[in-house]
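The next part holds the structures, each set out as structure tokens.
Note that subunit A is present in both complexes that follow, paired respectively with subunit B and with subunit C.
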Partner chain A sequence: MTERLNRHDARRQADFDLNFGKEVAEAPGGENLYECIQCGACSGACPMSAYMDHTPREIIGMIRSGMKEDVLRSETVWLCASCYSCTVICPRQIKITDLMYSLRQRALKDNTYPKRIPLPVMARDFYKMVHRHGRTNEGRLMTNVYLHTNPFDLIRQTPLALKLWRHGRMHLRQESVEKPSELRDLMQSVK
Partner chain B sequence: MLLRDEFSKNGDIRIGVYVCDCGTNIAGKVRVPEVVEYAGTLPHVVVAKEYKYMCSDPGQDMIRREIKEQKLNRLLVAACSPHVHEETFRNVAAQAGLNPFLFQMVNIRELVSWVTKDPDKATAKAKDMIRAAANRVLFHEELEPLKYHIKRNVVIVGGGIAGIHAALLLADSGEHVYLVERESSIGGHMAMFDKTFPTLDCAACILTPKMTMVKSHPNITIMSYSEVVEVNGFVGDFKVKVRKKPRYVDEENCVGCFECIDACVFKDARYPNEFDFGLGKRKPIYMPFPQAVPPVPVIDADTCIEFKTGKCPKECLKACGERAGIDFAQKEEIVELEVGSIIVATGFDSFDPKKMPQYGYGIYSNVYTSLEAERLFNASGPTAGELVLRDGSKPKSVGIIHCVGSRDENHNRWCSRVCCMYSMKLAHLVKERTNADVFNFYIDIRAAGKGYEEFYNRTMEEGVQYIRGKVAEVTDNAQTKDEEGKLVIRVEDTLLGMIRRIPVDMVILSVGLEPQHDALEVTKMFNISCSGGGWFMERHPKLAPVSTMSGGVFLAGACQAPKDIPDTVAQAGAAASEALALSHKGVIEVEPNTAFIDETLCSGCQVCVGLCPYSAISYDQEKKISILNQALCQGCGVCAGACPSGAAQQHLFNDSQLMAEIEGALAGVL
Partner chain C sequence: MDYLYYPGCSIKESGIAYEESLTAIMDVLNTPLQELEDWNCCGATTCISVESDEAIALASRNLALAEKQSNSKGTVDLVTPCNACYLTLMRATHYLSERQDIAGKVLPALDKQGLHCDNRVRIRHPLDVLVNDVGVKAISDHVRRKLTGLKVACYYGCQMVRPYATFDDPHRPTSMDQVMKALGAQTIDWSLKTKCCGAALGSLLPDIVEQLCHDILREAEKRGAEVVVTGCPLCHFNLESNQSAIRKRHPDFKTIPVAYFSQIMGLGFDLPPKKLGIQRLFIPLPASLTAGAGKGGEYVTA
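Coming up: the complex of A and B.
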């Protein structure tokens, strides 16, 4: 990865990958991507845009310019709350929420996701758990996420975990569907 | 036995086939040499040639020369659409001494090369179509074009600035014009405006003189409060039925003193004036605006007490007295006009912002449309030119939102073209009248026009804030103290890359233009077509911008596409000159595609008599057969299709020609 540049440093075209835009446009959610007129209605409508490092509009612009690294490492993709306000308001009918999901998958697949927030790891661990057992276990999921991101935080969370456990709100036993192998076959076939 | 074989017994037919490359338009997809070689093998074809541009002078020369040298008596050109060059090659045939109707055009561009991806399929289809046409021309006959006199009257539908301008031009050059307007006054949208961009001319000051000229012009008949209900006939000879709605005031007798309005039993105006979008009030008897033309009041039967109860003291009638202008007994009237050409100038509707609830129109009282703002700014409007909030106070800050309903796949796809400029004008007027802070929210500024960019600069110098971003929402949900009691505009400032919340007192929505709500019915009535979105379609977007596919029907103004006043006036001038060119020609040649009845075959069943929509067929009691009047026939082909004995036929499309063409097209599978 190229080193992080300041916002106004000149960007070298060699670091951009124009194919990235085409790939994203062809993936689900990428329809009409190249018709974006950069009006910013999505960003204005987004309840999460205040917390994002790039507004949704900027993300689309960056995708089209081929800023693969910057897009996949952006926190925006992971902060999307799936409220679909952007999709409803978009004058070019771009499915921005779907696009965010598509980018999440791509980021996990390429192992290029922001390290500063636990959301990508949580998404990955969640998927693994469901894929293996067909059921989630919140206690185990969060334990895994903390172990994979910030083990020290796990210690800080222990009192809360004990409290939940005492009230019968947390179970450590991993439940599973009856035939996990069938579920795996199912997942395999839709991949 | 196939028709072709039957035919080959009689006469020496010599066909010339000319296949055009159209540069790479055709040759890029169709393998033209292969097609030419194939055409040369078809029966009766004595010459088959390829040329890069058949419509060019050398191409035409080649055809003319070979018609004479090779003694060709049938001509077949495989090139573009007949809309483009049928006329050209008919002339070529005529110049070479060949009857132009022995020529047939084969469209291998629009119907083949432009719409077929695979070169093999394109080449095969081109061959099929040429084979079909080569079969068809065997049965072509020598015909003479029909000639009609052109009536020197013009009907103009729509009395906005387009209709007014075209009417004056035509009337000045001696044509008689019927100007049909749906509303009670001519003037259209332009009459609603206060100022016009970019020169800030007062709209009324430049429009009303023209309106008065229309009224006093001896060659113009204004038919206000009227609608076209039926159009028959064809270029040069249209019959247009106009429904005159009752206005209950006699236009002949009314002197325009307006004493009736003053006398009305309603002392105060209390009904919403449609012309002001309900911002102002009117009485049941009223003028929509002071400069209305004709200056004749109109009575609204829905609100007039006399019409509702029959018990009104009828003060208006008394005030009018001997002048006898008021006529409660007036009835709807149908007038039939006979005209040579028609100019359609029906204008536009504005987008209904209630379809975008995020902007709060109809929810927050201080959200206005741009047209409502125009009425507020207008000196003869409901506030006498003052821009005020609903509570009567002046706004301290105003947000103007561009592109409302335009450039939006959820609503209208097109750019409405005038909104950027009129938004700047409104911003300027807000500054001028109230000195409020003005924020314009735009996606892109489109200021292409003489003096437009300069006007944009001027408004920026005046302190209008331009923020690039499509507004996400207008809300009264205050988050801070300074937002309380205000309308908050939430938008991404896309140039600064940040989300902004801007509190304002008033929001003006720059609503886009869209076709009139009944545009589809209008197209059916005038037999014209629509382009994307419902705008009326011109014959050619570049080279025939005011003509339509219907001869003698022309377009002017925003009914064809959104346009500003200068462009509308220019187009109205073009439409007037097209109509004038037509009427000065005096005579028009029309394709001889009329029907005829073979007396020897007619059994006298009279099916055609009842079906003919133009009453061109009658029954001869003595001969016991149907008789067709060529002068009335429009060539619709209904009789030919219905005749059980094949007696009714249509020139250019008779049974043997069509069957031969089908046989040729299907020769590969027969």
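Coming up: the complex of A and C.
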């Protein structure tokens, strides 16, 4: 994973977007953003911090300082496993996990998501499948994701797929809701 | 009480043994589950990574369907065995009551399709129903094959207990332990029962997830557990399917079977293993646990 931001990467004032913090605070999860005391309890509780480029505490600090670029390009936002350890431990009731979703949405919209990890692609493929059918199929979904990221992984995963198949734990039938178009309309109309 | 049942996609596929065994034990306990008609994927943590309002609309459609299908005019109980679905549906109920901006868009959009969400749905994990509605007493009354001496590690994962659930403690939950003890089994005391396994990152960032799973499994093994017991198809998948890779990296690691709590309950109720999807597990359960099950055979600890 990438190096932590250190003194040599110091940003200039011009790189900051001071509205960024306000915008994030208004989206779901941002409610108590300005209450953060930078205690680091979230980072300590986070099972993924060791693999992240910035810890959750750093991300909060960076959002408030307006380091939009760095935040929206960070892998942290995508490595979050939604385990909610941070959210339940935060003394200021900051919904850090929900905040990560709102940052992912921004990064996808602005096309600033990190290209080296497959998670953003998987989010899009999953979303598309739900949009189309109203249900997901694990085997098909993963096939799409591997084809869109690293087709070689498809070969690497074949033994597992066969094992699932043999144990009756995989089928390639695309299940769907009765009227997928109605579900699509529902989603469109709140956009 | 009537229980509607929201299966979720995983439980219809890799987690099918969970559905098979859960249905079987709930029938024995006279608490049948009625599947929600025309349910859609809840969207998990993935759709909300793309768009919030749409994600909440998607999940809320299931809530509205539940209100429509239920005979109850008051609270509707929707039982949700997948941790990710449990969290996602629960999140929708919270957003609808806490975020006026989102509710203001989602509720009218549902109305237009003849679906109404009046905030009447209670999302319930099966363990919540078992401990708080059915009760451990009723469970032990149905035990036909006491699992005395069996040592299990109850693994809850994260999203069953965090951040919304109120039926158990977010870090040191006990409901699964209570159920296992009602069967006569022994549960190990450990601090990793709610440590994250890496979730959906599993198939995409295998190195990280293998390491997280290794920590959890190793601890269970060290404390003498014979089986790791889970209550989520994704937790189950990660903990089970990563073991061959873990063994390559850590040759001293021994494999440990991973089962659903409902499968272990079924074995305690003396149901036939086939009905519980036991043959679908990659790592077989200890022979002592399955031998003679469903035929009135007594359990003798290995």
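As a convention for this text, the second predicted complex is superposed on the first by the 163 of 191 C-alpha atoms of A that agree within 3 Å, B and C clash if a C-alpha of one lies under 4 Å from a C-alpha of the other, contacts with A are read in each partner's own complex, and residues count from 1 in each chain.
The rule we apply is simple: a residue touches a chain if its C-beta (ideal position, glycine included) is under 8 Å from a C-beta of that chain, and two chains touch if they have at least 3 such contacts.
As the structure is a prediction and not an experimental result, all values here were calculated from the model.
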| item | value |
| --- | --- |
| Residues of subunit A touched, compared between subunit B and subunit C (which is higher) | C |
| Which superposed partner A:Glu182 touches (first subunit B, second subunit C, both, neither) | second |
| Touched partner set for A:Pro28, first subunit B, second subunit C, both or neither | second |
| Which of subunit B and subunit C A:Phe126 touches, first, second, both or neither | second |
| Which superposed partner A:Glu58 touches (first subunit B, second subunit C, both, neither) | first |
| Contacts of A:Asp110 with subunit B and subunit C, given as first, second, both or neither | neither |
| Partner chain(s) touched by A:Gly44 [first = subunit B, second = subunit C, both, neither] | first |
| Subunit B and subunit C footprints on subunit A, overlapping residues | 85 |
| Contacting residues of subunit A [partner subunit B, same complex] | 32, 37-45, 49-50, 55, 57-58, 85, 89, 91-93 |
| Subunit A to subunit C touching residues, read off their complex | 27-28, 47-48, 51, 79, 81-85, 87-88, 95, 97, 101-102, 104-105, 108, 117-119, 122-124, 126-127, 130, 134-139, 142, 145, 149, 157, 160, 163-164, 167-171, 175, 177-178, 182-183, 185-187, 189-191 |
| Sites on subunit B touched by subunit A in the complex | 358, 403, 407-410, 443-444, 468-473, 490-494, 497, 499 |
| Contact set on subunit C toward subunit A in their complex | 9-10, 12-17, 38-41, 43-54, 56-58, 61, 87, 95, 99, 102, 105-106, 109-110, 112-113, 158-159, 162-163, 170-171, 195-196, 198-201, 203-205, 208, 212, 241, 279-282 |
